[in-house]
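Okay, here's the structure, questions in a sec.
Going by the order they are written in, the chains are A, B, C and D; count residues from 1 in each one.
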């Protein structure tokens, strides 16, 4: 186990190194000149050059990258070109919110998606099944901005059950998590349905019923743990997909997460922030996948870590 | 001293929302419309404008004198002005602040504004740490010597970059001063939770007694404008900082109760299309003129729900030097076609129109595209993120046409010269510069310099006339096609009080925090 | 060795029972038929768009807006209403179908293809090839798609095909991972061993025996991918890579107008419904196809 | 025995819905089961035995199958009318069932403790601690050693025999009135089978449980049954006391069935060719010399190899053309692994040669050519056929791969092969799941024959078949050998079958051969104690010679998993005359 972890962590580090190199190179090739943006409209060429030197942007690519890496090891992600704050500070201040949202969204996805998939599988071929599957497609196809605003309008403005955006209590979390969750639930319900249909055909499900277990115990105690395995692998993948959705949802709900930071940075080509957010999200993705792999043997004892 | 609003009440707290993060609050660095007026409330400069107007008045300076040659400015400082840390502000602070903003290490985007001060070249070139032209006469007197007469210099002393900062705090926080701003302003920073909220607190020691009225201003960050409006309607927000979202504009204006709370005003802004004068076929003035005639400005204004007025010259109407009599190029498709024919393009040509990707800019670009198509110009649209458009504009053959919306040009200060230098003068027509039409007319550069050397306030009329002429000449060469001047619409909650002009203050966006108040205290 | 065809066993004429075609079996299922009809209508709409309505998709009609500049709701003149520039929405949706079909089918299909190839290879070859492919997949997964898109946009002249390529490049990763997991368990099945003992080549095992078993997964991912890629295309064209205004696509009609969904709901609803219908149609056909191609599911309707 | 039957089935008809409408798979079946009685249901594959038991449990596959007529009464309750909730209380509690496949009937992701305890909790009001205690008792009752610590184990950590015992423990924990056991021992080797049967008997004695035992093994029937029902095509063809059925079968089908039962000592009829090979010694088809197969197990701190499965340890044998060598031995002793090494499916060390060509170091094309000469029929016919291919295509595939004939010729040849193995050519269009177990096995055989190989490896290929089909398949194999001179490596745990078909027999134990010789040498003169035990454990299909107790293993099967560097001691085989090799073992 420890050896496995050590090996996977080394691999993860290599992957992160690869991501950082590629990202850095791509950003290096990008036509927008950060120095010009910093220097402003009225700067003289002299000022521009002096700023370029201060930031080390006159150095060759390898030197710049090497400097970035060495700084990175001491936890220094550089300073935002636009906001002028430490990138690490910006990320640290926003990361908890995003992680929280991610947890909330994953919970929503799992609860909604899995139960939809489960019901559809059990009622396979019926109208309920078809309705649920159409539902899952609506979830996947509906633009998140619209879903978010609709939820906000109905549940926060009209009904007043939840606050209109913001961050702080669990009540703030419900609607954004739900908005993200509806999309993911579409995917999970389809996966769950097909894996559940497969499991329900298995002999051990029949055995469980032969013991006289209640339907609930059969479904949740016996079928679910078997059907859930592909779903766990999916959670690892999910984290990557989140970065897309989180931008919209965070801005609709005023959620102070990393998605908004990333989006603003992309719009303004704020390279240090883009680099930082990329690395952090790559970390999350790599760790998410690692976690999925580590959890798998606990769900299915036949799986060995190798 | 200030004449206070009799109806104003002291106290209360308001909430303002923004979508984007607030960048640094360091006055030497902050340079977007969002932190611009926040910095103005935290810091003060030697000069300022009367609230809601573009009229200059002294602020930290009690009075000033301009030498007859217009090259020496002597400011007498107000006494008893204290920084938020309790220390009294002196002339040394003023010099320090100017030295700092021009020092390349500060990486200020505003350093170029101070280019007329003696010794600027040395500081900018790293040869000196101190501007030789700025001298402390006594603790309350500062003398500034210029290398050339500069009529805009008093405006420069009013822009944020010249605001006064305390040396000890700057050194204490270093590069993080922008996160821990300490100034002499009406408000001081109470809390800054990154990505979530900023809280300003009334500066009880403010030198301008009786101001500000409001005790606490909370800026909530990261809020979609539509949601901000919903919250305003719900009574949770007092002013949506990003304004009324286009999607909701008509709904709001259709409701008399809400409409009553919307304040409309002019803005020092012009939306225009640049044409790259170094790129064929836009190197032909007839083509540029044809484009000017082809654009149906009325329709574009209608597209954005009449939130603007059609423009025919670079300067906005509220700017000194705006020529009311100037008619520009009237919308005339036939004439435009004829001009194209004369220029050797009877069948038109293909080109590209760059535009920033946020609503309504791509829509406006499409309207322009259709208008151009009517005279045979097939412009394909490149709708990109702001930074990419700016980058394309800064390359000599990067962008044949750019629609300026969303990126530029809100004036830094209300002076006609501000619309010339970097965006129409030769100095801006360099790689990475902001003169996207690459228009460089040496003769006009000289005229502009001449106009700016008319320092005498009494000759302001004359100077404005000179500028009008310059812009008329520019329009003859037509590097731009001015399209409209945006109007500002600020919405406020019912409890907000104060003169309407405070809500459309030309230099404070969205509102002038120092003078507004709330009605519902005691 | 004796002659290739063993003479000891007398040749027997095999029964001449024709296999029921997939198409005719699809046509027997009402749901699948509905799906096929929707797809056919969409394709026809896309191809015949110029002849179906009297409008030009990019023409900003003078009477397409109110005096205040508001778009018009559906009416007899504009069946699905007009957009914010006063263009006929129906015409734009019909023309937009071209873009969206290319993205939803070609780009999504390419992503599916790459993902399947990578996943199946990595899952079957456990050694260095498999490990290297999976690590590469992990790398791609950890790499932000949007950034890649922006950089590609900077390098290439943005066009529909670039978007399609970018979408394929970023979307194959998830498929690859799922297919990898399934393939590695399939590779352990006994019938694969049985194929090896008869000397089946690796290619044959992968594509004739393992691939058909992955079909349900591929169908799930492929059909769900349609809506996500069509919407992703809108995000990309927003960032300047891909179709640029005024070219319509279902995704960017929604994207441009989503803030107006209360003021002008038709601008979001109709293109949204189009995406949904297309995705659902493919799903219906896919589901039916899966049942038809899976012999153990015979007899279910 | 009380007069009133515990379970009374009357006029039971079960129909399934298929593409071509509804058809009855069980028609008008009636029987009664007395208290403490053992009723055996025997009959050919697909005759509706499993369907009947599932109907009693109300677990018929949904929505395809349903009961269309008849009644099932448990005491006074008619089970057919019960709703799902009331039925649930009966399942497991009053009627319990052991399913046909022990390998797949336990939930792989739940510990066996959890699976046992939950069954107890579902029906008794006792606390968790008590249920746990009951579960331990149940495990002890089925003689699983160290029951308490086993609760934490997962199914895959147990051997097949143990898993079946867990299933039985689960069924018996609640002391049901009726126990239905559907082929409980088919998948087990003889020694374990003996133990399981013994256990059923024990428990029946203690609790007076009535048992319905479904089996195709007439030996088991003779050993266990009080009464027997013979089924065919969904109908009961005969019913009676076990002695009557065996001695005076009334219908032809029963007689056929009994005649088909392979009996020990009847193999003598088969002679001839094998004897001549002794002196003629033509070039061997396959030779194994000191074959080793080891699987590395990773573990410990750094994921290094720290243990090895010594699956095959120095096995040597050779198979002559036209000869059948049988490999016997208990589960896990390395039979399949030896076969797989020969088929090129696992890496090995040592020497393997097919048709004089050494298997190691072959190029791509040569390897393909060798593949032509060796074909394998797998243990599980269903698992070894790609379920998504038509069987016709599956059988044609080897021809296609080796580029033999035109498509038309191939189809013709496949059709011919189908005829040859007793299937009809129009079944070529069907899919594997549309066949019964026996038919599937014949498809596998047809596939193996398509290339006319020199050697066919048959791994437990007849174990899952009912006796009549089994007999037909064995007959087919023999005919093919006579016609084409194929050699067989025949792997089986059924000693009667082995005796029937082999020329020579090798007995494996823990990866090594402990005894090898001609069939007569092994069966009439078994020298090694392990061989003797294997032979003794075979149930005799004659109720008169029923044994009261089986010899029970005194200890668990030793594990082939060993620490690195701790290779097992190599056994030395000594010739005791006429090529009869026996390991010199001190410990047995």
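Assorted remarks:
Convention: contacts are C-beta pairs under 8 Å (C-beta built on N, C-alpha and C of every residue); 3 or more make two chains touch, one makes a residue touch a chain.
Just so you know, these numbers come straight off a predicted model, no measurement behind them.
Closest to the middle of the protein, by Cα centroid, lies chain A. Among the pairs A-D and A-B, the greater number of C-beta contacts is found at A-B. Mean C-alpha positions place chain A and chain D at a centre distance of 49 Å. Distance from the chain A centre to the chain B centre is 38 Å, each centre being the mean of its Cα atoms. Averaged C-alpha coordinates give centres for chain A and chain C that are 23 Å from one another. A separation of 87 Å divides the Cα centre of chain B from that of chain D. For chain A, the set of residues touching two or more other chains reads 31, 149, 153, 266. Annotation for chain C: residues 150, 154, 239, 259, 261-262 touch two or more other chains. Chain D meets chain A in the complex at residues 57, 59, 84, 88-93, 96-97, 99, 101, 104-110, 118-119, 122-123, 154, 156-157, 167, 170, 298, 300-304. Remark: chain C residues 135, 138-139, 141-148, 150-151, 154-155, 173-174, 177-178, 181, 216-217, 220, 224, 227-228, 231-232, 235, 239, 254-255, 258-259, 261-262, 268, 272, 275-276, 279-280, 283, 300-301 touch chain A in the complex. Against chain D, the residues of chain C that register as touching in their complex are 2, 4-6, 8-15, 17, 19, 189-191, 193-201, 204, 208-209, 212-213, 293-296, 298-299.
The touching residues of chain B, counted against chain C in their complex, run 226, 245-248, 250-251, 299, 302-306, 357, 359-360, 362-363, 365-367, 369-370, 380-385, 388.
Residues 58-60, 65, 67-70, 84-85, 150, 153-154, 158, 237-240, 244-246, 256, 259-263 of chain C touch chain B in their complex.
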